[in-house]
Amino acid sequence: MCGVFGVFNNKSAAELTFLGLHALQHRGQESAGIAVSDGYDINIRLGSGLVTQAIKEEDIKELKGDIAIGHVRYSTSGGSNPKNIQPFFAHFYGGQFAIAHNGNLVNAERLKRELEMEGAIFRSTSDTEVFVHLIAKSRQPAPPHINLHKNDEDFLPHVFEAMKKVKGAYSLVILREKQLIAVRDPHGFRPLVLGKNRSGSYFVASETCALDIVDAEYLRDINPGEVIVIDDAGIRSYYPFEHTENPKKCIFEFVYFARPDSKIFKDWVYSVRKEFGRRLAKEYPIDADCVIPVLDSGLLAALGYSEESGIPFEIGLIRNHYVGRSFIQPSQEIRDLSVRLKLNPVRDVIEGKRIIVIDDSIVRGTTSRKIVNMLRRAGAKEVHMLISSPPVVSPCYYGIDTPTKEELLASSMSIEEIRKFIGADTLGYLSLEGMLEAADKTKGYCTACFTGHYPVLDELFEEIQIP
Amino acid sequence: MCGVFGVFNNKSAAELTFLGLHALQHRGQESAGIAVSDGYDINIRLGSGLVTQAIKEEDIKELKGDIAIGHVRYSTSGGSNPKNIQPFFAHFYGGQFAIAHNGNLVNAERLKRELEMEGAIFRSTSDTEVFVHLIAKSRQPAPPHINLHKNDEDFLPHVFEAMKKVKGAYSLVILREKQLIAVRDPHGFRPLVLGKNRSGSYFVASETCALDIVDAEYLRDINPGEVIVIDDAGIRSYYPFEHTENPKKCIFEFVYFARPDSKIFKDWVYSVRKEFGRRLAKEYPIDADCVIPVLDSGLLAALGYSEESGIPFEIGLIRNHYVGRSFIQPSQEIRDLSVRLKLNPVRDVIEGKRIIVIDDSIVRGTTSRKIVNMLRRAGAKEVHMLISSPPVVSPCYYGIDTPTKEELLASSMSIEEIRKFIGADTLGYLSLEGMLEAADKTKGYCTACFTGHYPVLDELFEEIQIP
Amino acid sequence: MCGVFGVFNNKSAAELTFLGLHALQHRGQESAGIAVSDGYDINIRLGSGLVTQAIKEEDIKELKGDIAIGHVRYSTSGGSNPKNIQPFFAHFYGGQFAIAHNGNLVNAERLKRELEMEGAIFRSTSDTEVFVHLIAKSRQPAPPHINLHKNDEDFLPHVFEAMKKVKGAYSLVILREKQLIAVRDPHGFRPLVLGKNRSGSYFVASETCALDIVDAEYLRDINPGEVIVIDDAGIRSYYPFEHTENPKKCIFEFVYFARPDSKIFKDWVYSVRKEFGRRLAKEYPIDADCVIPVLDSGLLAALGYSEESGIPFEIGLIRNHYVGRSFIQPSQEIRDLSVRLKLNPVRDVIEGKRIIVIDDSIVRGTTSRKIVNMLRRAGAKEVHMLISSPPVVSPCYYGIDTPTKEELLASSMSIEEIRKFIGADTLGYLSLEGMLEAADKTKGYCTACFTGHYPVLDELFEEIQIP
Amino acid sequence: MCGVFGVFNNKSAAELTFLGLHALQHRGQESAGIAVSDGYDINIRLGSGLVTQAIKEEDIKELKGDIAIGHVRYSTSGGSNPKNIQPFFAHFYGGQFAIAHNGNLVNAERLKRELEMEGAIFRSTSDTEVFVHLIAKSRQPAPPHINLHKNDEDFLPHVFEAMKKVKGAYSLVILREKQLIAVRDPHGFRPLVLGKNRSGSYFVASETCALDIVDAEYLRDINPGEVIVIDDAGIRSYYPFEHTENPKKCIFEFVYFARPDSKIFKDWVYSVRKEFGRRLAKEYPIDADCVIPVLDSGLLAALGYSEESGIPFEIGLIRNHYVGRSFIQPSQEIRDLSVRLKLNPVRDVIEGKRIIVIDDSIVRGTTSRKIVNMLRRAGAKEVHMLISSPPVVSPCYYGIDTPTKEELLASSMSIEEIRKFIGADTLGYLSLEGMLEAADKTKGYCTACFTGHYPVLDELFEEIQIP
């Protein structure tokens, strides 16, 4: 997962992008970058780690210009690879541009091979570069149903053609010398919103919380399949695909990824999460003394469960705010204490009580196991674990860095086996139906990681071998 | 405010102290330090900033030994002064020791002057050094009622004499070549607890949450006026004062400072804070749609208010986890956005609603004002602000870095004036009586910052000019 | 200017490259990078600043593999641009490779435009990427006169074709999954040497001093127009050009750039520089009390002058070793002292004396002016400045970052005017003939910056507008 | 060894001290610190490493005031101990002061014990703190022969009394709220000079090269036993000792420590070093092809040898400028290459030649051995090593961090044995007489490390057990 941000027409473009990325920090902590155009040239600064580590005050000062884009990158298994830090810069025959990408292409490898056969070189191992090449290669005119503004004639047809070639999830921001462009894939896997502030600057962001931090108003979602161009001539919208796809919004954004104060896919994450909790309460009416969240991801479902069931909500596990990446490598003897660095039980709440503990999902199960154990050692009489989503049985191919199928506990264990593994008295997962209804299923969601049915992948099953 | 930690008899003494300080990080972010004894020599590493910034992995490796103490220091107005970073090391005729201090002495200046007249030099501007000198100077034998273990004959009389001379608040840990000593002032202003782990290591800490992180059991509080010595001959307790003082535990520890998962003064912070909220609900029954906390300090009072009143509890303001010290200096244009870096309203919760917002205290009032304003801009119909303690009218002289009387809003404004200033529809403070009852007033509390009646200061009013 | 290094068949490939770059640090201080292949994948670490700043110990540990290349980059006017840090990584249809480049292409812009017209994208603003694209695009077979080893059939024809297309200066190292390739342009502008150590590892480096630091023997120069391939099948040499070009070795390498302990172009820099000094003595027999160098570049010419003339050699200006990049930005009042940070006169040597001071070249003249002034303030009776090369009148287009013609003092001022500007009693430049003879002119040198006659540029005068 | 610097009456006091310390960097690289007074308060910033690492630009900005002192500290065996970084700050009954010290007291341990018996605490393990205590303790009036200016009545008698109590080497700068004081011990072991700039600021520094960098004129040496006070009332000189001691200037300052562009003990280091070389030439007339220095310490002696003997001077070993502290920890396989990081032979100069190589001294002999070996591998036919001082047979107790007697090669080996150990064809040391005459022996020098006769120590032989 990643976060993208863009701003048009603001003297402090780099600084606002810095703030926006800060608000999107939860979408990626591996690296961060900002690209700015002064109308003629595009300049980039990027680095590893959190936004405040990757980009320094002097970087911001050097990034002069009124248009900017930014990116935060999610921590992936392979560690921090400097080749892949975004935004990517490109110079092609049509000029310069920079691009930042949230999502994952399912036909990237095939396109890469094709492009390489035509002489393309790839300087990263990231999908995003496929886009860059497709844009630069393209020679097709715009589709006939599209009426292009004259400012868009030179570049946009390239973007359209690239969009036709790639399959998968992408919410993009593109920076040109004098334009900001935002693109969302036709299934609309990843969120992307448009905003405007009182002095007339435009903003594009993965989530509305990034609009809030720059004091901009949410205007609307960028729609699945839509391309938005912003320049001195105003703001224009294009739909390069003639046929609409079924929307396949990532329901996991509601379950886990997005921030609770964001509105994504036209709904408030906050309400949807609470509704997950309410439905959990209906599906699993348990006799207990209190409901506690695994902070932060279980917070709102626990609140919803409490409201629906009447069982008191308590903060039974405190989350330490200061846990960071740069923590000392604990010695062998001390390693076992490492869970405690992040979460600590409030014995006062736990001791002698029957506890319902709620988290958003179980992936490998090791953290859940430690939590159950920690609660028991703090004196819990019973520990009932509820999960505000169905079992994760399959990896995501659309931009969320889930582990392989083998590592997913639920791909090989029954719920009862998982319950035993983590040591809980009860283990309950929200039903698929319950989850979809909470999120308003008419809107069209991807649920592949819960079901194994991949919306885009199925059509291309030669691409990826689903294990 | 500050936090102290000590460990005796553990191969990983420095590493455990690092963890303990990490759990006490909320008690001080300005600087941190660790002193370790290998039985012969005391070694120190310290630095500015958070524990992870001040102390590096290689520092930990260099700090070899089985006994250690540590300190986190609170951010004071004067900025980070390297002279004052603790623990302090001292070599005197009786050998080496290191000391770390939580609290504030009210007669420090007078003692300093006296000591200086006798030739003492002070290398810091901190109270703690007064202690160090008093210990080194002392020539008095132990008080007659005290029966000293032979290991304690050389050093402890110094500590006793020092304790007799100083007035004020102090919870100390002292590291000697082969001993760990813990000291709490006779009024017991600041908390200090004793713990032990399964392999027989002893721990001393400001709060129990620091015992949790090292997987130690809470044994008991170190009592007001008590001195505890731990060495190879075991653990011994002394009470150097013949007459007991009235305990004057700092009630503000419950209101704000201590972590909710800690037990201090033999009570759980969590429960006391919730009880503050319940009493607020009784004192201020308001008709509203929801109760929201100002995170984190208002969290539990808001929960208590909700439970007592039946008004739903919501997380109406999200707190960004990644706000740190090293944030870029915002340019003039951007400065106004800076509240948003820390807190963001959840519009979904706020819009069109009558909101009760709860915080622990109001100091200068600027943050409260911004919060009310932010809630109104997010669409709140009514904003009722409740505070889980009485108005702060006077500075603290016992170790909490409150601003001067002039800067304390409540020292010069009536509650109605404050209400207008912050722009709330209602402003209510918990009554002194309500606060004390919630915390069990029979235990003996200092409430000077709420009342202006200073327990120790009164006897010494020549010392400090109360404005 | 830049430095390149390569190693084949060594367990500590990354570490040795680190050392090699360290020895080449004088060729570039802006940034540094290392790429390593473990036989299957290529991994890169890079950063800004000196080698020790750009590459950390943990980077070295992560760079596992037996083949490596490295690069140090010269500080250019535009400041440190992260896009341009080398080595560059590329994935194309033939696999992965990484490339590091010393030199400058004169037809880069035209090739870039052509490549872009065919859909290429450029992710940096550096010439080197042109090479990368040409390699990836190429479809030509090897030239008929070349007999390819079977290991070289897939990749080397690409390199040959790229070499045919580019014009200008390039000494390259290319890292493939299982090969190390070294390439030198047909004019041989930049040095490139081959070495081997006692355990059979091969090395390629810009200068022999980098062989010394890894304890490798110098085998021979890589010849102008030569391509060398090293892999498990051994070491092979190819000459893709059928007709030999006149060698155009950069004489400025002898004048300034190369380290005095290096052998380049088959000659020792040390001896050539001393000979420059001896010839200066013949051309400018001055009656003086001592000869002093402007350290370090004037050192050996001063020694040669002294030997030839019999005038004593002294170190009249001490050079501070600790001047680095991270120096504080001096305040306005202090700025004038900044020359002193680098050089300080030895009054003992200077006072009351007639001084000959020798430097390698004068570019903008500001430093020379300050030096003359500093010597006079230290009491010099006469200051005679001699320069061990002719006046620099034209910019370099082959990889040395000289300023524009306008900024070159000698492009618009007569020698007498320069003498007045810097305030010297005498100013003498080594004659072109003298310089060439000292370096053995039969070897074929570029002298364009001294004469304005550009060897490669002339044939392509449509490419660059010579001002 | 260490370096001290002081400035009085300059708006940029901290910045100039930063520059001054920079020029004194060769006297200590372990840590650095600056103390500044704004007339009322003294503020300190300090840290580990080089001046540019220890003190940051923002530190300089925070250090406001017109009077400042600074210190660079020499690397001692025990590694960097934060307790001991200077300047030291002290608050005593007479106010605040800060102190920085170059030297070593021989009776520090005894004084420490005495002071501790009277209740003093030591917060460092450094001698300097003894001074601080003695100043603060003192109650004696000034000696009768001294006529004190009224500004000096309160503080200076303390300094005088302290000076009477300590034995050993000290050149001190003391910063008070409104005064700068400079002190030199009665034997004058360490240099200390006074300077003034054109705008009337005064400066004190260990060496004149630090005056040069701030563009100040050398006025005179501070004399052995002299105390100089500078404040708004002007500059005053005192001699607290009635009887003059024999000067015992450290001859090793000329041999090795001071910078060649400095004037110390009223003589130019440059000339004295060259004279060492000339005398070496007379004492060891060797038939050789060239003379080369071990840079930098052997530079001027080699030049002097060459001048006297007529044998050509060459730079046969290049010294890498970029070797710093933060170098990667070389792996086992690579460790042997580490000499090469610092020095590299110029094969051109060495091959087939009979070489005289000159260094200032031999301590443990390991470096000399590696150098001889390196020269032989570079093809030297003969290697004659000459040393510009006599064999070091005894440790220094006056502030130079020599190893213990056991580690000193010459304390247990004959010259012939050392010659064999390092592998040279000849090994010659400058005679004691030769060294003293070169430095003008009438001035009074300490030569204890060469002779074992300790000037101050002998009187106090109970203090230190000379091995």
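Just so it is clear, A, B, C and D label the chains in written order, and each chain counts residues from 1 on its own.
Throughout what follows, a residue touches a chain if its C-beta (ideal position, glycine included) is under 8 Å from a C-beta of that chain, and two chains touch if they have at least 3 such contacts.
Values in this document were obtained by computation on a predicted structure and should not be read as measured data.
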Shared chain contacts [chain A and chain B, defined touch]: none
Centre distance in Å when chain B and chain C are each reduced to the mean of their C-alpha atoms: 60
Intercentroid distance (Cα basis), chain C paired with chain A, Å: 46
Junction residues of chain D - those touching two or more other chains: none
All touching chain pairs, where touch follows the definition stated at the start: A-B, A-C, B-D, C-D
Contact set on chain B toward chain A in their complex: 11-12, 15-16, 18-19, 22-23, 25-26, 50-53, 56-57, 60, 209, 212-215, 259-261, 263, 268, 270-271, 296, 299-300, 303, 307, 312-315, 318, 320-322, 324, 326-331, 333-334, 336-337, 340-341, 344-349
Partner chain C, residues of chain A touching it in the complex: 43-46, 62, 79, 81-83, 88-93, 112-113, 116-125, 132-133, 135-138
